[in-house]
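Here come two complexes built around chain A, the first alongside chain B, the second alongside chain C.
For the complex of A and B:
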């Protein structure tokens, strides 16, 4: 009998066959969602609860002299206006750097910064009241351009740091001068990418109920309940145990609710703390767009060189991230971008410098891909340019330099296994008709409509980086009737891990019927399993579930072996039946009843602490991530040279993300990420005015893809490059397909028009300005 | 002011503010949770209801405007065979991710299928894509929604 996590992980990784794993089992939550039974935060509102909204700063940068709350309080139906003065604990919520207050204090640093919480009875009164919170300011000059902010010290977003550079990253590998001197071709460009808005259809909300179970309970749109618990406790000055956080169904997160979720939860908790009544705090769409952090806007200078025979020799990269008014998770985003800057290739010489720069704009935040889509856009454009200079095919050039098992990454991490990207790209090139189309479209490059085909490959470190402690856990209990309840802190925000892969893993490992398995997700009542971000909901989140199930399974096997007096090898539990030496003996339910009566413990946790290595920050070398997922995407486009409009016609994905637990569920993640990435690349862009105000804070002016914008998304090629610690070898999927989309589309557009694009988004105006001089 | 209308087959009578939108009346006064708040300016479509069988966004309708009319949400369609069939097809095709837009998309596609079927017309993929254009889905389920509608329609038209 083994309770050891590694033994359990190993046993199920190398099982001979699987019954429910690998099958496209229907998600457990689909029908509830279809019938309107699945409840989201606002659906828990009951008559008599109070409502709250956030009053925001309407200037980009100013010293706060005072905040006059009287005019708002005079509005009938308004009960309370809370400012930083009402925070009983610490008014400090910065994730990476302690630079951010829950409610503005001393200064406001961006248009949209939360200034006060207004509590009342009806939404109309609240809408008036948020306009009537009147701060008196001493205006300060606003820094809106990160390149300018880097240079200036006379105006500082945070005076206490003495510089507008919030954080720096660095890689020093080999000798870049020597690398470039050995290179036969060198290309150099500056790339620019822009802010993207998450636009989850459910705006942020949190419902705080004081005194339930004699503590504060908060239901929130949040991706990490345990982090919300920690922050609420800190803000209210309570022990964490006095706070319970639950994420019910979440209407899309994409990273945005990882950043804003805990803060919304803490603001609602603060209101309930003062009013001693349940309070639902909600953001309107405009609030949501003005307040919460966005995908990074970047300037990337990228120089790379290769030898005549197609070997990538050196890269020299400078990455500048506009992190906005607060660091938020900006330093982590920059770190990820830096350590992925090479793309999934071997490069002997590298010098990379990253700068995370404060400006008076909305903060930079987590968004599917987390710094990686922008850097892969630059890296993959460079790969195309080098291939062109060398007269090589872009796929061929990439394959020559691609990471393989045994390769060393940019940060000198040796990848001994689970590197299926080479195979994925090779298969993809054949499958997509790359070899023919790439030549054909070039020859046909005339007339009004021009076709192009582009490729991009990406890698993405799973979960948290470096030696940052990372673990999985879950609690599992088999009830007397044979039903299995699993408690996990992983949330359900659309990705489906609790409703598909988690259940399948439990049924597989316990051998119980799938319909017996219930996953209780998104609650601090479960052991802390880390956040649902960084593509870790299954890849790391399910390790704890696997271990807990493996422990119970092995107790049942030991018990049966003793009970029937046969060796362990003679015992099989599968698909709800017990077999002894191949003979069916009892059902799952009978087994559970018997086990209960004979003293077998059918409850277990499944803690697993991920083994990691060390990392040297000053030279950016060492263990960066516990595993990498890989993806390659070929995109076909058609460019209308009269209007500059780009139509994406077809997208071909190939994924190397370890074991695929539920193929259809994984494909939905691929498709969704392709569509979101297409929006980011072609149509979405936040526009700031001279006050740093987001001008397009609604869906008329900020356009996301509709059903009409969707290209043909072909079946995904899977390469199952198993990860030794992954649950049955699974790696992360959720973010993957978004990462190469900007590069893949941009490379296809560049191929179609014969002109390199270096700046996103590829709006008709921008593309037209590139093609207007072409002969048509 | 007092407004009476048929909600999911039963008459309801509610006191509302003159400027009150149907979305708020449904959610805050009548306990209808499937109709979601997304933008409150008619852009995202998650607050879609059927008004006399036609999909409309309930954030752009004053409750006073629906007096004596028929309002349908998914809560009222649970026993409708076509709706059940469509919902199950959504589940089978993985056409649902976060689910926030799902009740609205189901209402829109349900109304569309009925119109096609009752009008004895032929549907096309282009027409289905156009029919759901006003329902945004940030998870990107569109291709699978279209597939679910195609499958449901073909089952309906080939059924004995």
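For the complex of A and C:
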């Protein structure tokens, strides 16, 4: 049998019937988490370790004249204050553009920018010391509005670039002028979306232990241990092999710990490097909110046109992202927004321009959906408006234009398979009672409480965009007692891939009992499997696990075939038993013992490099993503027109994300994302003062939903549109349900009140002023 | 573990006399009741104190009693005890409704009614119902006992009529019959949240005539307030939509809200009108 990854992937994609896959098996971590036994970074702190905090800038924009560390050092219990001058390697840590220092150097560019690390023995002294790091500054004017920043060159956030536009993207398809000339209806609007704070339960922390195994070991709240390793090595000027990074259980990431995690890890490592003792660096909640990057805030101008018979003809879109003080992952976020700007529809003519703009605010960063919720909010509002102009039902109009197998996307990529969105929306409309409710609520649109129903559809490319390399890997070892240990760089931040789907795939492919499988996750001791972001923990992360398991499986099968002298087809290993021509012959444990004694290699790796195409960056044409996950969500709301309060009553999801490996795990991801999307749409907002300081950096004033705000989330419709390279055909799920939520709720609110919503969040005050305006 | 640990003197007296003596003698001391506001404020530095006098062990500060013509609530009574009390449910339903919406179950099991009043937040949720009931506050101090109507208790933003060494001992509400009541709290989410605006209304009618009415408002002025002018306008009038709307209009003129992270002053004024009207209608079972 073959050890070739593609053959293995293909074999398991089209296997007949699964034993463990497709079942809601219990997560490996649920009991420990319920009992409080699961360990997070801070739980590894021990008596005698040192503590560290980050001193931040309290001005939005200034040149640093000097940083006097003496006042902080005079505080009893403070041992060290580290600035950029103490970085032995490189201080430059920008992900997309080399524009960001680990510790401020030359200038500070936002209120909250890390200036120095204070190290000491007790938290009280640290709390005082971070206040005492007060550099001498030459103040500079602060740019807080991206539209203003784009136009200005007299004030530059980064002088060296000569412009406040950090990055541009472009798609040119067909001829938009021609497209609009053929359109019978054209609608145009400006949409605005706002920042969102991740507000994970566990704020950032990293524990750096020098000299453990003769290198520096860092436990961190991090979504990509291997990236942390790379950055720590660079900052300390060490070879990567001298750095070990481990992500224990993480209390939520949502992308925030993909951006901030490696930096927190590097700051802790820097402190341990200088003190030569274990150091726990931690962010308080306020530190966390002030320092780490946020969901993109955007201004989107969107013009679209369609023919009388309901064919989408052209779109002309300008996307402006307020990227804050540093590009961080802004360019990647902007690319994703740009390439998803059409929504999951066929459009012959398109012109998209994206701008990533520097301001003196907290940087824009990764957050579940990654540039997509904002652009789908605009695109899906436009679809509703076009349908209205055409006198068509919004679902009907969407179905007419929706991507199907064989369709060409916005970037001229032909999608040959795994496009289940049409079926998902069709089923969803019937399931949610759309056809009746949409008419009924409109007729009833009187009185104080008004109901509305809205729909939004979204697509989300799996893996990295364009030709950016992406791969999966894992290392696997079957011990002599039949237990299986798998090493993966994928982390467990609550999403459940290492604790559920990874185990299921191993048990399925090896044919061993599920309880024999142990996944060691989140460590640089495992092969680099890429980050746990972009909904890839299973969809890409598990490919390596599948391949590694597939290799051992085929070795065992070849061995058994020889041993029993039967053709391969006569060998079956399933559910912990070996069958030869249908007869049970031995248990899994007996098989392993035998294999060990007969020279079968029961260790393997599973490297797989994802095949990609080419992409022309100047006109945004070509291969954008290897596959797309799709989701459609129907939302019902009730608007209190007296107060402007929106209650989301019911949410109906339909997901086309390939094979569902663990339905319960997928359900928890959908529910979590719906609630996080609801919070973003209705109540969450960061408020900046004239200094660009976040005023509501606490849980009193940054409000997220509680259980009382959670609507009925109905059972999800699954359309299993298998992806050829996905593990057993699975695509990404984690981000999916958040992406259409702003659009779905906004479309429902617009339906309820009869006014188009173009700006988020839909606070009672915002909705009330819309209704009040209409009454006048 | 990682936030500032309070370095502060701590006393836990057994008697009221002891507590008063401590508050008088120990420099810069403050009363600690549930601590759900005070400890947070001390940590963030919004409030400073050198010593805390924990009144949690003083038995006479606890408990809810029906004394026939009046209800007595010990100042250190926990909010959750109010929620679970039959006396409160029967006699002061307006208060019960307001307290039910406060904080979380965990917070309500620590926080006290007296603490909520003495902390004097404009958004204190026990204040509007107690203002409407015209509760009397029994205050004890080095110079003895005095009674302050709750309507005179809030003197200015976050200030109350307590002199040095004084402790709020109990809250007394005289029983009276109201034909209707209503409490409405508007926040940024459905529960466990500070109010944007809150309204408490008590009403009593004879036939179609409004004999008496009380309207109290939270989060729309430097202190919780009564809308006296609106009440005065309503008293003795025949109930009608026009009359209620006019009263709500007057209430809107009586408030002085600010813009803050929760809402704008404009929206708060609008909501004073809407919610006062709504609360009046509910109290009068009028729609």
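The criterion applied here is as follows: the second predicted complex is superposed on the first by the 772 of 776 C-alpha atoms of A that agree within 3 Å, B and C clash if a C-alpha of one lies under 4 Å from a C-alpha of the other, contacts with A are read in each partner's own complex, and residues count from 1 in each chain.
Just so we're on the same page, a contact is a pair of C-beta atoms (placed from the backbone, for glycine too) under 8 Å apart; a residue touches a chain by one contact, two chains touch by 3 or more.
These numbers come from a predicted model, not from an experiment.
Shared-chain residue A:700: touches chain B and chain C both.
Of the two partner chains, chain C is the only one that A:643 touches; chain B does not reach it. Once chain A of one complex is fitted onto chain A of the other, the partner contacts of A:674 are limited to chain B, with no touch recorded for chain C. With both structures placed on the common chain, the touch criterion links A:68 to neither chain B nor chain C. Of the two partner chains, chain C is the only one that A:768 touches; chain B does not reach it.
When the two structures are aligned on the shared chain, A:589 is found in touch with neither chain B nor chain C.
By the touch criterion defined above, A:202 lies against chain B but remains apart from chain C after alignment on the C-alpha atoms of chain A. After superposition on the shared chain, chain A has more residues touched by B, the comparison being chain B against chain C.
Of the two partner chains placed around the shared chain by superposition, neither chain B nor chain C is touched by A:90. Look at A:123: by the touch rule set out above, it reaches both chain B and chain C. Comparing the two complexes, residues 42, 123-124, 282, 284, 700, 704-706, 708 of chain A contact chain B in one case and chain C in the other. Residue ranges on chain A touching chain B, taken from their complex, read 24, 26-27, 29-36, 38-40, 42-43, 45, 47, 123-124, 198-203, 249-252, 254, 282, 284-285, 493-496, 664-665, 667-668, 671-676, 698-700, 704-708, 710, 713. Interface residues of chain B facing chain A in the complex, by the touch rule stated above, are 19, 24, 27-28, 33-34, 36-41, 43-44, 46, 73-75, 78, 87-88, 90-92, 94, 96-103, 106, 129-130, 132-146.
Within the complex formed with chain C, the residues of chain A that make contact are 42, 51, 122-124, 127, 282, 284, 642-643, 645, 683, 687, 695-696, 700-701, 703-706, 708-709, 763-765, 768-769, 772.
The part of chain C that touches chain A in the complex is made up of residues 1-5, 7, 186, 188-194, 196, 261-264, 267, 270-271, 274-275, 278.
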